[in-house]
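By written order: A, B, C, D, E and F. Residues from 1 in each chain.
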Amino acid sequence: MIYITRRERFSAAHRMFREEWTDEENYRVFGKCSNPNWHGHDYVLYVTIKGEVPRETGLFMNITRLKDIIKENIIDKADHKNLNLEVSFMKGKIATTENLAIAIWDELKPLIEKEGADLHCVRISETENNTIEYYG
Amino acid sequence: MIYITRRERFSAAHRMFREEWTDEENYRVFGKCSNPNWHGHDYVLYVTIKGEVPRETGLFMNITRLKDIIKENIIDKADHKNLNLEVSFMKGKIATTENLAIAIWDELKPLIEKEGADLHCVRISETENNTIEYYG
Amino acid sequence: MIYITRRERFSAAHRMFREEWTDEENYRVFGKCSNPNWHGHDYVLYVTIKGEVPRETGLFMNITRLKDIIKENIIDKADHKNLNLEVSFMKGKIATTENLAIAIWDELKPLIEKEGADLHCVRISETENNTIEYYG
Amino acid sequence: MIYITRRERFSAAHRMFREEWTDEENYRVFGKCSNPNWHGHDYVLYVTIKGEVPRETGLFMNITRLKDIIKENIIDKADHKNLNLEVSFMKGKIATTENLAIAIWDELKPLIEKEGADLHCVRISETENNTIEYYG
Amino acid sequence: MIYITRRERFSAAHRMFREEWTDEENYRVFGKCSNPNWHGHDYVLYVTIKGEVPRETGLFMNITRLKDIIKENIIDKADHKNLNLEVSFMKGKIATTENLAIAIWDELKPLIEKEGADLHCVRISETENNTIEYYG
Amino acid sequence: MIYITRRERFSAAHRMFREEWTDEENYRVFGKCSNPNWHGHDYVLYVTIKGEVPRETGLFMNITRLKDIIKENIIDKADHKNLNLEVSFMKGKIATTENLAIAIWDELKPLIEKEGADLHCVRISETENNTIEYYG
């Protein structure tokens, strides 16, 4: 069993809040991340897949293929966008990094499996100090 | 002459555009950075000051003092904010990283000089690949 | 289940040695890390907690709360200190990074659980090349 | 149980290909990594070992010993070399990072065990975006 | 005057040697970098340009334009290639990082000037420890 | 003119203080860096030299030679040592990073010139946020 991790990046705006709450209630739960005028991050995304290495090539999965899947389904949809307003796979979800990791997992899992590999982990660093991991 | 550089970070939303232009015109000049729904970055700010090292202490300027000046005047005003809508020193300016570096220079220069030092450089990394420097 | 990792840093002096051994014996076991005049590091600490994400907020645990717990109980006690002489949770222990990771685990575990989360891992990088992990 | 990770680096040339295939066939499977004139990387190698911490020293395994084992058996053989033509433990294998991680695992496992520790993981970053992990 | 730095990366094989010298002579001057079977690096390239910021846009030069120029003229020609055998702008030159920086400068200077900007610096990191800068 | 920068690291203990001052006076000027029980850092040292590139080799100065000079004269004397008590070139100086940079400059300048090159800059990062540069 081999694990491959691909790193990608995207820059996006977001805001953490519940619509039915007042600004004060949102601030109490989400702190400065609830700022009504948005803020943003250079998100770093690590996608780890796992599987067997075929003897014939010694190549588990072409990293370019993995990169293309992530780019087409995640980066192109989220980069230079507003996670709350414009990103299809975040629709109806609170734009926390936790929910973002779960949503990216749900997007990628069937696509990775179609390639004959398993999705192992979605990791997102929101800043250099804060990182979220989701293993399904 | 000694140069001291302090690194700080802030996360903010922004959009590059001219109000009097259409979305299409803005897109032609500013590309995806003109997205009307905002996007954001984890900006990394490097402030470099210079001056003589006093013999008595061997300490040019207490780095904690420098950190406090940057924090109070830049980070606290820009972190988790919208550069276009909420940051006083960016008012009326297009929110490019170039203008941001110049605006931060203008904010910090008199404050650094009040401490008996010279401001040498304001450097901002918008992403790990794009960096702007301004020397006045 | 979601994993959140918070990165913090502290700068400290330390020395690895057993009091009842001679300097030569200590050097044989601990190498240059046993230097009687101390040396030091910019330790990087990664604390990983895990738990369920509540549907209502999509926020497992406010990262600011986690940061405050680490700061108050670890960073404020160890930063700019001597791990052997001044840090309460290292009292009576040899100041190896292994023991440091275990001691930080023991400090944080009950505090994290009081927040309704589980401590998953304490990771410490002593230098960019040497890292210790402890999972309890 | 404690985990120690040592980071080392080596710079090497390689090419991914099967001798019995044409350049076109190799390109179809391995992409630009099959370039007949070679290319190269600054490989970053992370070796993680695990074991119990002895009470007497608080030191699981002297990191200098671990470093020496990696240096003598891996780095000295691969650094500034051609992975396909000159590196004994890659002989007869396609020079993918997957095979490289497995080969390094096979080299190090008995040597680590001779020290009374267990090899836990061999991780190799080929570039800052592509990383392979192998756990045996 | 504003300075913009764009970071790009490429992975290449190379060898430092003079054809008319024996392997021994080459080794004496170039050390292990003269290995006849090649070795390689993940080169990191930083291109710094400078110029005035136009008032109308606050944007010195669209970073995407700069990126495209570097990609088309440098990265696409050098990535996954052999610097000695395949890279047109290194033809007839010893493949040292010094010569590489000068050659990239010569390639980019007229192209940057055609955009109305000045080339300020070409910086190349061969490894995380070794960096070359050229200012023309 | 070409600039070469070599990065090296050393871990050391230090304390900033004037012997003739009380602990309170030292704390007022140097803050927590004056802690009588020492603290420490993983110092990162960047030495930049400059000179002409000889046509015959395209190699300004063998980086291994530069590395050896820094290692023998700085790293071996400061690594895992106490800057105040044990490092010859810091004797009688307050152990600020400013003084450290100047002292390293004074040590290296004649040695670099003996090699036919010029010392351009000594840069020291005390932590990832604080950096000192000295150009003589």
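Methods note: contacts are C-beta pairs under 8 Å (C-beta built on N, C-alpha and C of every residue); 3 or more make two chains touch, one makes a residue touch a chain.
For clarity, every value in this text was computed on a predicted model and none was experimentally measured.
Undergrad: Hey, what chains does chain C share as contacts with chain E?
TA: D, F
Undergrad: Quick one: how many steps at least from chain A to chain C, stepping chain to touching chain?
TA: Minimal hop count between chain A and chain C: 1.
Undergrad: With respect to inter-chain C-beta contacts, which pair, B-F or A-B, contains the greater number?
TA: Output for the comparison: A-B.
Undergrad: Over half shared numbers or under half: where do the identical copies chain C and chain D land at their interface, same or different?
TA: different
Undergrad: What rotation angle, rounded to the nearest 5 degrees, superposes the C-alpha atoms of chain D onto those of its identical copy chain E?
TA: The two chains, chain D and chain E, differ by a rotation of 180 degrees.
Undergrad: Counting only Cα atoms for the centres, state how far chain A is from chain F in Å.
TA: Result: the chain centres lie 42 Å from each other.
Undergrad: Between chain E and chain F, what is the gap in Å from one C-alpha centre to the other?
TA: About 29 Å separates the centre of chain E from that of chain F.
Undergrad: Can you pull out the residues of chain E that are in contact with at least two other chains?
TA: Counting only residues that touch two or more other chains, chain E contributes 128.
Undergrad: Who touches whom among the chains?
TA: A-B, A-C, A-D, B-E, B-F, C-D, C-F, D-E, E-F
Undergrad: Quick check: in the complex, which residue numbers of chain D touch chain E?
TA: Listed in rising order, the residues are 9, 11-14, 32-33, 35, 37-42, 79-82, 85-86, 126-128.
Undergrad: Using the touch definition up top, name the residues of chain C that touch chain A in the complex.
TA: Of all residues in chain C, those touching chain A are 1-8, 48, 53, 56-60, 62-64, 67.
Undergrad: Under the touch definition given earlier, write down the residues of chain C that touch chain D in their complex.
TA: Of all residues in chain C, those touching chain D are 16, 18, 29-31, 93-96, 98-99, 101-102, 128-135.
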